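Following this line, the structures themselves.
Below are two complexes that have chain A in common, paired first with chain B and then with chain C.
Coming up: the complex of A and B.
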């Protein structure tokens, strides 16, 4: 309560002084994502996860486009699920899309010439209004980047 | 540049000669005072400067003991503004060398839509002038070196299951200023100035040099 009041007071003062430069707005979403590897592929290695906006610069202008990376990370020790908070930058766009791929050969790269195909998958969070989401991604598309899978 | 700063610092450390700028008649024109900073108590000077891309209105009044009160309004093509007020102190006061340090408190407003900036922007500045000539120190080459950090506040609003919280973050940018000019005192009260401006705006972004012509007025009613 005290922090909220202090923020309010500081915010009021700064607004009165006209000194807000950039104004950012973030949506905090508690996300749980489970990753299932298509049986057609070998199941081994770590899953690499990317979170994206569904649309960057929405509104249909010339700078509007699907996707827009928010964050990327790797699930260590062969974990097949992720639980954590994702901050969606609403000042950049809208929606939340999760993309993942399985790093079978451990080189940190999605596929490579002569290497075994690595499966990927993508899913969009349908409803962000409850600030929580649960997804199950099937990693079944060989060597496909997020742009190839969405929309 | 480094040697110049070291020299200025060495001279400044000598301090002003006792009573040197307190006397009622130093034979010092308002142009010398405006270009080099500093003024005897009650003396005032005004600088009107126009050029590309900088324009400036600056006034100062001597308040005694080597101090001046300074007010300034600077703009770059009507898109970047810097109103400021502060104090100056004449650190060296010799026949052919005046050095004044100035500390200013200002506010930066940049209105260019893509590069909007606004925030507290203090400035530290050294003015060096070397008056020459008989009568009213007619020729006054002068140098101005300054640094101006700006503190820019950004606001982030986080919306989540526990409500909304606001977080303020500060970033800063730095503007370095250099200006070299030649002022000419037409008489005790009026002078003109021409010079080049070498600002480094928002370091490390590249800035283009500029130029200015100025008019100095003051000293009436001493």
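Coming up: the complex of A and C.
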């Protein structure tokens, strides 16, 4: 009996917590992204990837802005493609943009002072309603952050 | 230097300045934030509310709107014995929010003998609207009280070394308006922590390319995540090699982040050792919470006394350098 009451109380608590999360909405997108390095650059080192919302706080108010980082990760050595599930936080904004750069010197920094230029690129998923997307990013822009390439 | 240090009286008409060795020294706080609670993103509102002490955290919006108002800031200044202050416009919708140039102009018009302002601009549509943003900035800088430009690469999300944004420095130099730059990491949600957005070494190209533009390196590259000096030596190096670089030690010595004052003492000591006292401009990064503006001034003066600053040097830091760099007249006491 005591266990049943405890379960009931826990259930009630979870139900209450569930209400708190009602305003959180996620869209799962199966994404494949291929990364092509501009021949002007050496092709070596690891690709660093960032996923962003296309717009955060959409609606045009003062707090609306392009981009808004969702996640970042580094591909395994030599990998030039990524395939996986991206969770887009629709409660924060809308759209999906993928940004990447190539860490030629392996220092973990895009274009540290005095280092050779490293290429970056960006692409936007055109249609999220299919829950899957395929992108090709050309890494060709030296030393540019995502904000300098989008919109 | 053994004479008592006396700050403005708590009761009666405010007495401005700090009294050191019988000499009253005027003070300007070059780093204060006006604003409105609704101009702050929800995640940052939650972050700020969590730092307000009870019972202020039960209604943080009311507290913030009160202390960030013109009257609220003047009250904090009076309590600190500070006559003049520099108020910042901010366009950082991803992180700390938006306080428009027009909002700051309203404060300047409210108390023109007490406030100056730094204008800013949006950079989040730079590829399509950079000229429009620069035109808006130039228009804001035409206000007689707008004496400089505020930038924060980590909050606004643009690289310190990207030449696409160097038009801001060109404009500031042409209009002889010093540029204040947040350097170092920041604890606010959504802030970029990448080196190119936080490490002042990435500013060297711009500093060298625009010798007629004054660069004021805010927070001395302090790491507000790990709460340790990370960019201090870089800032000192840049100021030593470039005459257009100035240094501002705000926030890093706050009571919560630097409880025993060691970080602030270290900064003040190293800058003096490097012969850069004539490059230091005092700021607090207030108002933050009631009493912060006064406490930060007290802690900074103590740090200078502890590290051997002469009275003349203290005056340079607290108001003399500000007056010279910004070309304004500070009210004499």
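As a working rule, the second predicted complex is superposed on the first by the 130 of 151 C-alpha atoms of A that agree within 3 Å, B and C clash if a C-alpha of one lies under 4 Å from a C-alpha of the other, contacts with A are read in each partner's own complex, and residues count from 1 in each chain.
Note that a residue touches a chain if its C-beta (ideal position, glycine included) is under 8 Å from a C-beta of that chain, and two chains touch if they have at least 3 such contacts.
As the structure is a computational prediction, the values presented were derived from the model and not from experiment.
When the two complexes are overlaid on their common chain A, residue A:109 makes contact with chain C while staying clear of chain B. Looking at the shared chain after the overlay, A:87 reaches chain B, while chain C stays out of its contact range. Within the superposed three-chain model, A:65 lies in touch with chain C and out of touch with chain B [touch as defined at top]. In the superposition on chain A, contact is made by A:145 with chain C only, not with chain B. By the document's definition of touching, neither partner reaches A:73: not chain B, not chain C. In the superposition on chain A, A:30 makes contact with chain B only, while chain C stays out of contact range. By the touch criterion given at the top, residues 4, 7-8, 10-11, 14, 18-30, 85, 87, 90, 130-132 of chain A touch chain B in their complex. Residues of chain A that touch chain C in their complex: 56-57, 62-69, 109-113, 143-145, 147-151.
Partner chain A is touched in their complex by these residues of chain B: 109, 116-120, 152-161, 165-168. Per the touch definition, chain C reaches chain A in the complex via residues 39, 41, 93-94, 97-98, 100, 123-128, 157-159, 161-162, 164, 190, 194-197, 201-202, 204.
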